[in-house]
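Same chain, two partners: subunit A is paired with subunit B first, then with subunit C.
Right, the complex of A and B next:
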């Protein structure tokens, strides 16, 4: 139901699809460079971070739900720009949404970005897994 | 036109020292006629964050694999790829990459399938180049396209298929280069790596477990010959004349071991079973052993 996709995610998808294959990689690199550092309260508490085991590189995520708004943080090393790019897309696309909106994001959203050819389906799987873990954290944090 | 070989003393003990170049050598040769530097990484974007000046990028997945069949590109595809990157058939190609040249060795092995003669690895790979503060750039490399001949891939010498492995069971030594956890059957993927779809866990009976990374020193360079002999000859029991088959999960880590066995230790006839565990672990009725011991080859 892509018509119901939250605006930030739809915009990111449309930006990718508007580009040729090579430029899509460049845009992913821009996202990668834009991934913000962790807020201090998490950099001092690595125990709060969850490792995304499905990604080839060490990437850790943390999801906050406060006043009905989701915020996603992630950290991944500079040597893993693709993984950083995936995390950055999700952080920008999901932060600010309601928990319900996040849970409604189609599980195949990563496959709709037109990156399968430039990045390979195998690598896209890491992003799909990241989205799954984010949703699980949102579920856990709204159940209480 | 081939570029002279790196005569560095640290390579002289290896069987084929001409297959390695040092970071010093490469920096001094950048821009030389007949030399093309290729970066091949696990991360498809790493090259874009900064690469050796003049290096072109070849991605193991999007460039070297056929997008439909589980196979490598064919002769025409390879010719289009290399010609498009400005690589001539007689150029000296030096490949480097991340993770101890894991994917660089894979690319080198695929180049070898097509008989590209002069292809070498940068000892220590990308990490050593960066650690030494050598120059990098984010400028995309533009090399004029050239005609690369269409050469059919030769899968008969350095590549093994499932039936070859079945036929070799009990006679040719197998080296399983995956992690101990994958070998014993605790898991089907490398620790911290994504699931790639094998249905069963364990190893091919009789295979010795020598994780690929054992061939690399702390700084990512290859270990000296004496240490490699201790690992592969004394440890895994390989002897001259063995027709070794190496495998891993999809054939990339075992390319690294193929390079070590072939070019550093001088074994002849080493083959890489690139179907590896993702094929064997899902194939019907092939024998599988579990646990830390190689296990017996079942009677046929």
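Right, the complex of A and C next:
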């Protein structure tokens, strides 16, 4: 049904919730395989990337706001598939939204994916922190 | 949320229900929604009771629900490729499907703000007469670009088959769906009927040619959504 959540994020959430616990973890791994590489201009400028300190694994994010559209980039090691999966969900779900839509995404979105049995609370808090840092970057980049 | 199989009836002793969120949901839906034959073209669309392909929000988002999404996933898994028109890819903000490539058909090469994450091999662009700009976009996205003879109204199905995609699910929009139906190129229509009057006026299947059809399958969910499948009735 319709909800206030932007369509791509609602679609991702519904895809998780339709599955049983075992298949949800598999879906998260599929997301982790899909995290796009960084555009060249950032891979050559690691100083532009922000580390998500709350995640145990080294995950870095960068948010662009151009022509009223948000694009989110992230990089995380292949050895950290859960974190990488979360970054991929946010990159796919947030990219293409307006800044207002991103700022309105509920902070507890990571908790609504039905992964609390399969993934440790610490990891899910890491994703929540990632979302928080993305919103902060969006705020900074739209205020300028 | 549960999905019940109404038609065809399940064999004695087999469950006729799936409950979303349980293990094995995907396997059972896959069994219920197998393709009609080896190598086929299917339509999968959602409409309101009054036959509109979009709801009050201007997209199909307000017509779909969680069970519909699960069924869409099963219909995608049954296919080799997901085909949509460029307008639908733009309007519905298509995410690339997880396990199948997405083929986007564009006449003009104009894709507007459709801008998927670069993804080697997961996107196919179909354009009979591609512009330089479209070729550059395809390169940037890691997408494959297939073209063909625009004089053949079904050149893009041929191009997909020649590329190894013999089972094709087309998710719209209505103009492309009607084009395929009028050309006699559809083996099965999968139509979700959402229990609402949308008063939004985008006819879901604006065909020009009358054709008799047979109901080949029917599922229903707890919210009153109906999942109908029809095949052509010959003769």
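Here is the rule we use: the second predicted complex is superposed on the first by the 142 of 144 C-alpha atoms of A that agree within 3 Å, B and C clash if a C-alpha of one lies under 4 Å from a C-alpha of the other, contacts with A are read in each partner's own complex, and residues count from 1 in each chain.
Heads up, the rule we're going with is that contacts are C-beta pairs under 8 Å (C-beta built on N, C-alpha and C of every residue); 3 or more make two chains touch, one makes a residue touch a chain.
In this text, all values refer to a predicted model and were calculated from it rather than measured experimentally.
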Subunit B and subunit C placed together on subunit A: clash or fit? fit
Point to revise | First, second, both or neither for A:25, with subunit B first and subunit C second | key: first
Check your understanding: After superposition on the shared chain, which partner residues are touched by A:110: those of subunit B (first), subunit C (second), both, or neither?
Key -> neither
Report task. Could you say whether A:82 touches subunit B, subunit C, both of them, or neither, answering first, second, both or neither? Result -> first
After the superposition on A, what does A:129 contact: first (subunit B), second (subunit C), both or neither? first
After superposition on A, vertex subunit A (C-alpha centre) with arms to subunit B and subunit C, in degrees to the nearest 10, comes to 120
> With the two structures laid over each other on chain A, which partner does A:69 touch: subunit B (first), subunit C (second), both, or neither?
Replying inline: second
In the overlay, answer first, second, both or neither for which of subunit B and subunit C A:14 touches. second
The superposition places the nearest Cα atoms of subunit B and subunit C at a distance, in Å, of 16
Note: in the complex, subunit A contacts subunit B through residues 25-26, 28-29, 32, 51, 53-58, 78-83, 85, 117-120, 122-123, 125-126, 129
Residue positions on subunit B within touch of subunit A in the complex are 42-46, 48-49, 59, 61-62, 67, 98, 192-196
The subunit A residues in contact with subunit C across the complex are 1-2, 7-8, 10-12, 14-15, 17-23, 27, 30, 34, 36-37, 69, 91-92, 95-96, 114
As the complex stands, subunit C meets subunit A at residues 20-26, 55, 57, 59, 61-62, 65-67, 69-70, 73, 92-93, 95-96, 98-99, 113, 115, 117-119, 223
